[in-house]
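First chain written, first letter: the chains are A, B, C, D, E, F and G, and each begins at residue 1.
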Amino acid sequence: MKMIFNFLLRVFRFIIFVFYYLKELIVSSLYVAWDIITPKDLMKPGIVEVPVDLKSETAIIAFANLISMTPGSLTMDMSPDKKKIYIHAMYLHDKQKFIDKMKNELEHKIRQIFD
Amino acid sequence: MESIILQIAARHMRPLLIGLSLIVLYRGHNEPGGGFIGGLMFGAAYILYAMAFGVDRTQKSIFFNPINLTAVGLFIALISGMPALLLGDSFMTGEWYTFFQGTLMELKLGTPLLFDVGVYLTVAGMLMLVMFSLMEE
Amino acid sequence: MEFAASPVLTYAIYFSFFALTISLFMGLYRLLTGPTLPDRIVVMDLVASVSIGLIINYIMATGQTVFLNVAVAIALLVFMGNIAFAKYLIRRIEK
Amino acid sequence: MSTGLFLLVLLLVAAIAPFARKYLGNYAGWVYAIWPFTGFLYYLSLLPAVNEGLIITESFEWMPALGIEFSFYVDGFSMLFSLLVLGIGTFILVYAGYYMRPYPMKGRFLGYLLLFMTAMQGIVVSGNLITMFVFWELTSVSSYLLIGYWHEKPEARASALQALLITGFGGLALLGGFVLLAIPYGTYDLAYILSEPDIIKDSNLYLPALILILLGAFTKSAQFPFHFWLPGAMTAPSPVSAYLHSATMVKAGVFVLARFNPVLGGTEVWTYTLTIVGVTTMFVGAWISITQVDLKKILAYTTVSALGTLVLLIGTGTEYAINAAIIFLLVHALYKGTLFMMAGNIEKKTGTRDIRELGGLFKYMPFAAVVMIMALVSMAGVPPMLGFLGKELIYEASAAAPKAFWIILPLGFMTNVIMVFLSLRLAIDIFWGKEPKYGKIPAEPSLPLILGPFFLVLVSFVLGLFPSTMANPLTSKAITAISPLHDAMVLKLWHGFNLVLALSAFTLLSGYLMFRFRHTLLLSVDKVNIRYFRKEFTRYFFSMIDNFLVFTKLKTKTLQHGYHRFYLMTLFIFASILVWVMIWRADPIMLELNFSDMPLNLIAVVILIIAATLSAVVSSSRIIALISMGVIGFGITIIFIAYSGVDLAITMIMVETLLVILAMTVVYHLPTYKNFSSTGARMRDALVATLVGTFFMVLVLQAGTSSLETPISEYFKETSYSVAYGRNIVNVILVDYRALDTLGEITVISIAALGIYAMMKLGKK
Amino acid sequence: MIIEWIAAFFLVSGSLFMLVAAIGVVKLSDVYMRMHAITKAASLGAILMLAAVSLIYIEWLVWVEALMVVVFIIITAPVASHMIAKAAHITKMPKGPGYIMDELEEADNTFPEEEKQ
Amino acid sequence: MILVLPIILPLLFMVVLIFTRRWLAFQQGFSIFASIMLTFVSFLILTDVQQNGILAIQPGSWDAPFGITLVADLFSAIMMITTSFVAVIIMIYSPGFIDKERQTAGYYPLVFGLLMGVNGAFITGDLFNMYVWYEVMLTSSFVLIALGGSAEQLRGSIKYVTINFVASIFFVSAIGILYGQVGTLNMADLAAKMRTWDEPMYVNSALMLFFIAFSIKSALVPFFFWLPASYHTPPMAITALFAGTLTKVGVYTLFRFYSLFVVFDQQFWMYFILTLAGLTMFIGVLMAASQFDIRKILSFHIISQVGYMVMGLGIFTVGGIAGAIYFTVHNMLSKTNTFLAGGLVYQRSGSYDLKYLGGLYKAKPFLALLFFIPALSLAGIPPLPGFFGKFFLIKGGFEAQQYFITAVAILTGLFTLFSMVKIWNEAYWKKEPEEVKEKGKVHPSALLATSLLAAAVILMGIFAGPVIDVCLQAGEQIVNPEMYINAVLKR
Amino acid sequence: MLLLLAILVGVLYGAAVYLLLRRNIFKLILGLIFLGHATNMLIFVAGGLTSGRPAFLRGVQDETIGMSDPLPQALILTAIVIGLGVTAFALTLVYRFYKVTKTVDFDELSENE
C-alpha cells in the first residue's frame, strides 16, 4: 500500500516537475530573448563548480538537463566521480546564491522524483 | 575522453532507440519507416553507445559478431522469397496471412515483412561493423 | 502550396515560415563567419531546430501529419552529430 | 591415304617428337623422317594421275556458318610443292637429327621442325583460303620458334622477333586480303575462286584485296623492302636455314602469288608491282651479297635475289616467264637446300662460317667438296645442272618481256654475273684458297650430314641431264595450274646457238672476270655499300622499334601519368563535351518561369544549401566542411519534405548524420589538413566543375519539362493497398514491387560490411 | 475556432522563439552564450510548435509522435550542449568579455585509469 | 523459374561462405562446387533459350513493365556461362595463389557477391535493377581489389573506387532523367515506347550519359585510366577474375543499350561508337607495348581488346555482333589464362617485372606452353579462338564496308603480337638474370587451373563451329531488338 | 521551382567534381558524398515535383491523382543505401590508406603507371 502511495506520489511529483520544467524553459527562453534585445551589461558570466549529492543515473542526467533548461545556467561538465557539476552561468552576481538555487531548488526536486 | 553525462544518456538511449527501431520496422509497410530506417536506428543506438563508452566496451556489450548479423539478414531476405516458390508463384511474390482481423486493428503478416526484417538486420550489422573499424583508438 | 487551414492559421503559418526563413539566414551568417568551430556546430543545432519548425509548418499547411516522423528522426539524431563533433574537438587537443 | 589424314599424322609426329627424342636418341632424325618420306612417296605415286589432269579435293566441315572448312586442293602445282616440302624435309630431318646432337633441347627442335613442315605442307595443299591462312600463320609461329632456337643470345631473339613481326604483319594483311577476296565470291573455297577469275576483277574490291595479298606474299618472301628479316634469320641452326630458304617459308609467298596468278594476275597493277618489286629485290639481294663474308649470309642474300627473280617472273606472266618461274623454283630449292646444309657441315667441321677464314678444305673433305661445287655450278647456271635450264629460261623470259620492262634484262644479266662470281668465289676460296690454321683437323662429314646435300644435288643433276623425261613431268602441270592460258614448254638442254646462249656464255665470262679482279672490285663495291647500305635494314628496323617504344612510353607517360585527379579531369572534360554535344543536337528547352511556385522558405533553403556547399568546398578546415555537410543534409531533407518524400527525408537525415559521424571519426585519425593546390589549379578545376554542373542542370531541366508517357507508378498507387496490402507505397515498392532491387541493395550493404570486416581483420596483423 | 487561435498563437510564438535563438546565435558574445540561446529558446520553439500541431490534429498517433519529439529534444538538447560546451572549454575557445570566474579551468577532470576500462 | 537461379544461388553461396569463413578447406571445396553449379545452371538456361527463344520472367509476379523483369537471350546466356566457367577456374586457382589471411577474410564470399552482380547485370530487363547489380558487382570488386591492403594496392583501390563510383553516378543519373521523361524503367517497355515516337525529345542526352558510364566501366578511350592504374595491384587471381569478367559486363550493357535504345540519330551513334572503338584498340595496344610489368602489359591489352568488341557493336550487322560476341567469349578465356600464367611465373620467379625474369622456357617448358597458348590466342594466331574472333570481326567489318576501322583492327593485331612476343622473349627466352628474386614453387592447384583453361582455349578454337553458330543466333537477337521487346512484353 | 532546383543540382554536381579533383584524399570522400547528394536531388527533381501529397494510401478509395510519384523516391532510397554502403567502405579504405602510407596527399604516391 505504501509502495503504491509512493509511486503515485512520484507520478504526481513528476507531473508537477514537468510543469516546473516547462516553466523554467519558458522563463529561461524569455530571459534569453530579453538579453538579446537589451544591452549586455546585465551579464556576469562565469563557470561554477557545484557539489552533487545524487545517486541514480537518471537523477543525475535529469539534474544536468534541468540545469541547462533553467535560466542563465548551462551544464558544462561533470566530474568522473559524479560528485561535482560545472555550470556555465550567465548572471553570476552572487556565486553562493547561484549554488543554493541549484542545490535547494533543482536538486531537491530531482531527488524527490528520481532518487 | 569520457563524459559521464553522455554515458548515462547513451545507456538510456540505447534500449529506447532499439525499441523504436523495431516499431519503425514493423509499421514500415503502412507508415513511414521500414527495415532500412529501422536498421539505421539500431546501428545509431550502438554508435551512440560507442561514442560514450568507446569501441571496446561496446564490443563487449554485444554477444554476436556484426558480420554474422549481416549475413543472417541477407539469409532472411533470401528466405522470404522462397514461400512463393513453394506456393507455385514466382520468386519473391508477396504472400500474406491474416492472423487476426478486428474492427480496430488487424494483424496481417507477409513475406514482404520478413524481407524487411532481413533488410533491417543487414543494415544494422553493417553499421556496427563500420563503427568498430573506424572508431577504434 | 495550397493551404488546408483556416485564415488565422494560414497567416500564422505565413508568419512562421517567414520567421524561420530569417532564422535560417542568421544561421547561415554564423556558419560562414564562425569564428570558432563550436560556433558552427551550434549552427547545425539551430538548423536542426529550424528544420523541425519547418516540418511542423508543412504539416499545418498540408495536413500531412506523416511528416512528423521526420521530426522524430531529426530530434533523435542531430545530437549524435553534435557529440561526434565535440568528441573530435577534444580528441584533437588530446593528440 | 588422304591429304588431311597425312597432315594430321604429321602434326601428331610433331607433337610427340619432343618426348620421343629421349628414347630414340641419335636415331630420332631417321625415325621422324619416315612419315614425311612416306608422304613424299605417296605424292610421287600420284604424279602420273595428276599429270593426266586429276585434281584431288577433300573437305571437312569446320565452321560452316563462316564458310570455313578444312579442305584440300591438290593439283599439279601443289604436287610440285608437296614433293619439295616433303622430299627436302625428309633429308633435313635426317640431317638435323645428327647436326643437333651436341646442342640442348633437340627434341623440341625436331618437334618444331616437323611442325614447320606440317604448316608448309598445309599451305600448299589447302583448298580453302582460311585453311591456307591457318597454315600460313603456323609457318610464322614455328619459324619464330626455330629462328629463336639459340634464344639466350640477344641477336637470336631479335632475329626471331623481326621475322615474326614482318611475317606477322604480312599475315594480317593477307587475312584482310583473303576476306576481301572472298566477299564477291561468297565463299572461301579455292577451287571455286580459281574457276571464276573474273568475279574479283569485276569487283571494286580487287585493288584492296590485291594490295593486301601482295603485302602478305612480299613480306613472307622477303621482297624489298621487307627483305632484311631473311638474312637475319640465319642466326638459326643450319637445318632451319636450309629448310627455310629452300622449300618452305620464303616460298610460301611465291606459292601464294603463283596460286592466285590466274585470279589476280594479268592486270596492269599486278604486272607492274610484281615486276618492279621483283627486279629490285633480285638485284639488291645479289648486290649486297657481293661483299658479304659470312657463308650463310651470302647464301641468304642470294636467296633474297632468287625470290626477287621468282616474283619478277610471275609478274611478267608470259609463257616463258611462267615456265621459267616453275623451273627456277625447283632449281633453287635443290641447290639452296644443299648449300645451306653444306654450310652447316663446314661450320661444324671447321668452327667458322667466315669465308676469309676458310680455305684448302678440298683435301680434307673431297666428297663434300664435290657435292657443294655441283650445287654451286647449278647456282651459276652452268650445264649440265638444272640451274642452267633455269637461267636460260629466265633470259628467254626477259628477252620476251614487254618493251616497258627493258630494265629486266640488264639487271637480270648483272644478277647472274654476280651469281657466277659468288659460285666461283665460294668454290675456290673455300676448297682451294689459302689454308688457315684450323683448331681441329677438318674431316668428311658423316653420312646423315652429307646424305641430304648429296641427294639434292644428284636430283638436280639428273633432272638437268634428262629434262624432258624427268623434269617436264614434275613441272608441266604446275605451270598450267598457275597459268591456265599457257602451255608447259618442252625442256631441252640444248637450244641451239641463239641470243640466249650467247648471253649465258657472256654471263659466265663476266662472272669469271669479276672473280679474277675481285680484290679491286670488292674494294669499290664496299665503298658503295658503305655509303648507301652502311646500315643494314635490320638496324633500321630495330631503331624503328626502339623509337616506337620511346614514343609509346612517352605517350603512356602523358596519358597514364599516375595522377589520379587528372584521370578524373580527363574523364569529366570528355564527358561534358559529349553530353554538351548531345544537348546541342537536341531541341532547345521550353522553360516557363513561374515565380508563384517558389516559396520564400524554399528559396532560403536552396540558398542555404548552396552556401553550405561552397563553404564545404572552399573551407580549408575539414571540420567546417563536415558541419556544412550536416547543414546540407538538413536542407535537402526540407526539400524532400516540401515535395512529399517522407521516407526519403527520414532516410536522408539519418544517413547524412551517420555518415558525418563516421567521416568525423576518420578525420581525427588523419593529420591536419594541408592545402596542396595552387590558385591556377583551383581555377582550372572550377572550370571543369562548372562544365559538368551545368550540363547536369540542363539535363534536369530537360527531364523536368518533358513528360512523354504516363509513369508506371500509377499502377503502384492503384494496387499498393488492394493487392500488396501496404499503405506506404514507397515501402511497398521497396519490399514488394521492386524487392529484387532491395535484395541487391542489401547485398551491396553486406559486401561493404564484409569488406570493412576484412580490412579490419587484415589490418590488425 | 478558439483552438485554431491557440494553435496559431503557439505556432507564431514557437517560431518567434526560434527566431530569438537564431538572433542569439548571431548576436551573443561567445560560444557558451550562444549555447544558452540554442538550448533553451530553440527547444522551446520546437515544443510550442509541436503543441500547435497536437491541437489541430487530434489523432493519438500525432500526439504520440509529437510527444516523442518533445521528449527527445528535452533529453538530447542539454546533453549535446553539454558536450559542445565541454569541448569548447577543453579546446580553450575564446570566452567573451566579463567572465568573473572559471572553476572548470582548475578542476582535474581526467578519468581515473581503471574506470576507462 | 530457372532464371532466378543465377542470382539467388550466388547469394545463397555467399551467405553460406560468410558463416563458414573460418573453415578454409570447406571454403575452397565449396567454392569450386558452387561455381561449377553456376556454370551448369547457365548452361541449362542457354539450352532453354536455344529451344524456346528468349526467356523472360517476373519475380514478384508483377507484370512487365511494373515489376522487375529478368530476361535471358542467347547473349546473356553465353556471357553467364563464360563468367561462371572463368569463376570455376579462378576458384581452383585461388587456394594455391592467395594467402590464407586473405582467403579467410572473406575472399570466397566476395567472389560470389561479384558473380551475383555480374549475373544480375546479364539477365535483368530493368534499368534501375541493372544499376543495382552493377553496384553489387562493383562493391565486391572494390573490396576484392583492396583485400590485403599494401600501399600500392590501396592506392589502386582508391582510384578504382572513385572512378567507378563516378561511372555509377552517371549511370543512375541517366536512369533518373530517363524516368522523368518517359516514366518507365523496363528496358523493353522503354525501347517499345521509343519506337512509337515521332521525335526524339531529349532521350539522346540521357543515352549519352549511359554510354559514358559504360565506356568508363568497359575502359574505352578516353575513359580507361582507372584500369591500368588499379588492375595490377591485387593478387593475380583477383586481377584475372576482373580481367575475365568486369569490363565485359560494361561491354555487354553497351550492346544491350545500343540495340534497344539507339533509335534516333543512328548514324551519329555509329560513328561515335566506331571512333571510340578505333581509339581504344589502338591506344590500348600502344600503351601495352611500352610496359615492362607483365600485369601492366596485359592490363593495357584488356583495353585494346575491348575496342575490338565495341567495334563489332559499331558495325551492327549480325556478323559484326556475332563476331564481337565470339571475340568477347574468347577474350574472357584467353585473357584470364594469360593472367593466370603470369601468376605462375610470379610464383616461380617472385616477380612480374620482365627485367627480373628469364629462362623459364628452358627450365619450365610446361609453364612456357601455358603462357604461349593464350598469348598466341590473344595475338590472333590460328587455330586458336583469338584468330576466329579477329577474323569474324574483320569479315564483319569488310562486309559492312567499314574499311577504316577494320584496317585499324588489323594493324592493332600486329602490335598485340609484338607485346605478347615481348613477354615471351623476356620472361621465357631470355637468360635468367643474375639478380633474380627468391624462387618459389608453383602450386599444383594453380597449375591445374591454368592448364584446364588453356585446354578450354584450344578447344574453343578447334571446335569453334558450334560456338560460332550460337554467336550468330545471338547476333540475330541483338540486331533485331523486337524479339527481345516482344518476349518481355509478352506480345 | 524547377529552375531553382536544377541550379541546385548543378551546384551539387559542380561541387562534387571540384572536390574530386583535389589532391587530399579526405576531399575525395567529401566529393563522393556530394555526388550522392547531387544524384539523389537529380532523380527527385527529374521525377516530378509534387508538394503536399506523400505517397500514402489512407482510405480505401483514396484519390491517387495528384499524389507524388513514389517510384523515384524508392529509387533514391535504394541509391542512398547503396551510397551509404559504398561510402562507408570508402571511408575505411581511406583510413587504411593513411595508416599504411602515412600521407593524405594523393599525388605524393602517384608513380608512373
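Criterion: contacts are C-beta pairs under 8 Å (C-beta built on N, C-alpha and C of every residue); 3 or more make two chains touch, one makes a residue touch a chain.
These figures come from a predicted structure and were not determined experimentally.
Undergrad: Using the contact definition stated above, find the chains touching both chain E and chain F.
TA: B
Undergrad: What chain is most central when centres are computed from CA atoms?
TA: Looking at where each chain's C-alpha mean falls, the closest to the middle is F.
Undergrad: Just curious, how far off is chain F from chain B if you go by their C-alpha centres, in Å?
TA: That gives a centre separation of 36 Å.
Undergrad: Taking the mean of the C-alpha atoms as each chain's centre, how many Å separate chain D from chain E?
TA: Centre-to-centre distance between chain D and chain E: 79 Å.
Undergrad: Could you put a whole-Å number on the gap between the CA centroids of chain C and chain D?
TA: The mean C-alpha positions of chain C and chain D differ by 71 Å.
Undergrad: What is the distance in Å between the mean C-alpha positions of chain F and chain G?
TA: Distance between chain centres, rounded to whole Å: 28 Å.
Undergrad: Touching two or more other chains, which residues of chain C qualify?
TA: Residues 1, 20, 24, 27, 37, 41, 43, 57-58, 63-64, 66-67, 69-70, 73, 76-78, 80, 83-85, 87, 89-92.
Undergrad: Where in chain D do residues touch two or more of the other chains?
TA: 556, 560, 562, 564, 568, 642, 644, 646-647, 650-651, 654-655, 657-658, 661-662, 665-667, 696, 698-700, 703-704, 707, 711-713, 716, 727-728, 734, 736, 738-743, 745-757, 759-760, 763
Undergrad: Residues of chain E touching 2+ other chains?
TA: Where chain E meets two or more other chains at a single residue, that happens at 21, 23, 35, 43, 45, 75-77, 79, 81-83, 85-86, 90, 111, 115.
Undergrad: Can you name every chain pair that touches?
TA: A-B, A-E, B-C, B-D, B-E, B-F, B-G, C-D, C-E, C-G, D-F, D-G, F-G
Undergrad: Give the list of chain E residues in touch with chain B in this complex.
TA: Result: residues 75-76, 79, 82-83, 86, 90, 111, 115-117 of chain E touch chain B.
Undergrad: So in the complex, which bits of chain E are touching chain A?
TA: On the chain E side, the touching residues are 17, 20-21, 23-24, 27-30, 32-33, 35-37, 39-41, 43-45, 47, 74-75, 77-79, 81-82, 85-86, 89, 95-96, 98-105, 107, 109-112, 115.
Undergrad: Give the list of chain F residues in touch with chain D in this complex.
TA: Residues in contact with chain D: 7, 11, 14, 18, 59-60, 62, 65-68, 70, 101-102, 105-106, 109-110, 113, 116-117, 120, 128-129, 132-133, 135-136, 139-140, 142-143, 146-149, 158-159, 162-163, 166, 170, 173, 176-186, 189, 193, 197, 199-202, 204-209, 211-212, 216, 222-223, 225-226, 228-229, 265, 268, 283, 286-287, 289-291, 359, 361-362, 365, 376, 379-383, 387-388, 390-392, 394-395, 398-399, 403, 406-407, 410-411, 413-414, 417-418, 421, 425, 429-431, 464-465, 468-469, 472.
Undergrad: Flag every residue of chain B that touches chain D in the complex, lowest number first.
TA: The contact residues of chain B facing chain D are 28-37, 40-41, 43-44, 47, 51, 66-67, 70-71, 73-74, 77-78, 81, 92, 94, 96, 108, 110, 112-113, 115-116, 118-119, 122-123, 125-127, 129-135.
Undergrad: Using the touch definition from the top, list the residues of chain A that touch chain B in their complex.
TA: 57-58, 60-61, 64, 75, 77-80, 82
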